[in-house]
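Right after this note come the structures.
Next come two complexes, and both contain chain A; in the first it sits with chain B, in the second with chain C.
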Partner chain A sequence: MAITKISNSGIYGTKYNDIAADNNYFETIAKIVVGSGGSSSVEFTSIPSTFTHLQVRYIAQTNRGTFGVESFKINVGVSSADTGANYTRHYLLGNGDSVAASADTSQTYWEGVNDFGTTTGGTFGAGVIDILDYANTNKYKTMRKFGGVDVNGTVGGVGGSAALVSSVWMSTSAIGYIKIAAMTNTLQQHSHFALYGVK
Partner chain B sequence: MAKTGTYTLIEKTTLTSTTRYITFSNIPSSYTDLVLVGFGKNTVAGDNLVYKLNGATSGYSTTRIYGSGSAASSTRWTTSVPVSLVGFVGTEWGNFITHFMNYSNTTTYKTHLTRCNYANDGVAEAVSLYQSTSAISSIEISMSDQSFASGSTFALYGIEAYS
Partner chain C sequence: MALTYTAIATVTVGSGGASSITFSSIPQSYTDLLVKLSTRSNQASGPDYVYLQFNSNTSTSNYQGIFLRGNGSTVASSSNTTEGKIRAAITTTSGETTSTFSNCEIYIPNYTSSNNKSTSSDWVPENNATATFMGITAGLWTQTSAITSMQLSLSSGSFVQHSTAYLFGIRKD
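Entry: the complex of A and B
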């Protein structure tokens, strides 16, 4: 299945939905499923530089004791985590009641916003993270996340969250390592992270 | 084991007449995630985009953020609704994309993520919960009150994870 059709003619105009990902251009790289007992973080190591973009698709839950949401904390690097003040963040969030937007600079990790569910809320958060042009050694790296958590109302007075989050890792190094954790608590069993490469 | 053929078209349909309901059924459980790509418009006015999963008429909730071009808002629906209210369908051609994450596991409730993109009507993102541990094997797509115009298309893809 290649790009099956791109048409500027006909009654529909450009048919965006026909621009599908080619079956041979979206490949699995690795998968991590958190086992019983949980895990403080998950790591993708030795990521090949042979793709153009990376995508992480996840469902995840932490053992946070209050509220139904918790933010992620992501570090990237060449072969280990860069913990320097080299990360920025922008986010746009809706919690069912209101919307919010904010930005941060010079952070020591990419902080998400309400990305994971919790055992207190009883649900898993889900998200799709794109790391664009990750192997390019001429520019800083842009990352973005689309996702959220729904808790069927509120937990501890806090609702679920639909959010868009972006970050820049201010390094020209190719990314060969990704570490994903929760801001404070532990990732729980059945949390599932799958890494893909896009050619 | 790494796989190269991991983003696969399962089924695609194009409407040849105004249609109220579109259903993908007998969805195989062999993938990790599903991605539904819709391209369509309403025949009368803007309306909610809704899903019914496995034929269930309860157990849905959603948190949504919406931008109209002049203002942003957020809305929450809880399990009082009989369908998954994931977004909206505009009056001009536009698209919506939904990711059904880990749809075939039988341990967790299912979360699906939707984006609706309509240049004339606005943009929305929604996170929706289907409170069932059953694998999702059918998806019924519709609107709250209206129908999809002829020419609307719906494509369902499966994504396999590394194994």
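Entry: the complex of A and C
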């Protein structure tokens, strides 16, 4: 198939690639299901650099008291967690009554916003995290998450929400490691995290 | 295994930049199309919109779009109805953190159907500063022709080197 058209005659070297269409380009790399004892975090290690993009799909719950929602805390790195002040956060959130946007800069991890459910609320949060060009050493890595939690009303005076959340990890290194935790509490049994590679 | 998710084409912008990216001769054998964009504009400041146009159709009455967007502190919603293209996203600009590129996904279901074509997208330019845009968009192309090509362009700048665009085909079987 020909996919070749560039409208700017002054460009140099823009590369259009045709791709053989006889492969499946969405593959499972790893899955983690939290067991009966709970877990403080889950880690994806030795992520191969052979894909173009990464996607994490999750459904998760923590043991936070009082409230029905808790935010995630994510660190990435080459072979271990980068805990330097190399992360941002921006979010756009709706909670059924109102909308909000906020930002943080130069953080030591990517903080989400109301990403997980809790045992107190009795529900799980669900979301999809996309990391494009995760092995491209010409770029910092921009991460995008879409998801939310419904707590069937309010728990501790706080309801659920849906949000678009992003972060840039300010490193040109390829991502080979992802650690996902809750901000302060423990991931609970039946929480499920799946890492996919997109070619 | 069913071939449900297939890469059709990739584009990597070279050192000279590119004012637009076009996917042409799109095969008609999939159910939906998915575009992933990791782009940056050479504009000093934003918003620099990523425009989406199908089949070289430029009629100003054939495209509509609705935005919900945040800018790091406030939320707004707007629409566009007369530009002859869908405002599918906002990209990172050269005034934002160096080496940072946007993360955007555009979904185009039933692209071969004989109905009007709806699109949805969610996008995050990112920046190590409070102010940057992010949001979701619903778009509409009021034409019944199957989509055979699409062009991505910017409202004012050009795509810089290392910007990438990926077109995937998704099958229901």
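General remarks:
Convention: the second predicted complex is superposed on the first by the 176 of 199 C-alpha atoms of A that agree within 3 Å, B and C clash if a C-alpha of one lies under 4 Å from a C-alpha of the other, contacts with A are read in each partner's own complex, and residues count from 1 in each chain.
Here is the rule we go by: contacts are C-beta pairs under 8 Å (C-beta built on N, C-alpha and C of every residue); 3 or more make two chains touch, one makes a residue touch a chain.
Fair warning: this is a prediction, and the values are worked out from it, not measured in the lab.
Contact with chain B, but none with chain C, is seen for A:96 once the two complexes are overlaid on the shared chain. Legend: residue contacts after superposition of the two complexes on their common chain; A:184 is shown touching neither chain B nor chain C. Legend: residue contacts after superposition of the two complexes on their common chain; A:161 is shown touching chain B, with no touch to chain C.
By the touch criterion defined above, A:142 reaches chain C but does not reach chain B. When the two structures are aligned on the shared chain, A:50 is found in touch with neither chain B nor chain C. With both structures placed on the common chain, the touch criterion links A:192 to chain B but leaves chain C unconnected.
Of the two partner chains placed by the overlay, chain B and chain C both lie in contact with A:26.
With both structures placed on the common chain, the touch criterion links A:79 to neither chain B nor chain C.
Shared-chain residue A:105: touches chain C; no touch with chain B. On chain A, the surface patch touched by chain B in one complex and by chain C in the other comprises residues 1, 11-13, 15-18, 21-26, 92, 99, 146, 164. Across the interface of their complex, chain A is touched by residues 2-9, 32-33, 37-39, 61-66, 72-76, 78-79, 93, 95, 99, 101-102, 105, 107-109, 111-113, 115, 125-129, 131, 151, 153, 155, 157, 159-163 of chain B. Interface of chain A with chain C (complex): residues 1-8, 10-19, 21-26, 52-53, 88, 90-92, 99-103, 105-106, 130-133, 136, 138-140, 142-144, 146, 164, 166-168, 170, 172, 198-199. For chain C in complex with chain A, the touching residues are 1-25, 27, 36-38, 68-75, 92, 97, 99-103, 105, 122-132, 134-136, 149, 151, 153, 158, 161-162, 164, 166-169.
Taken in their complex, chain A has these residues touching chain B: 1, 11-13, 15-18, 20-31, 57-59, 61, 92-99, 117, 122-128, 146-153, 159-164, 190, 192, 194-196.
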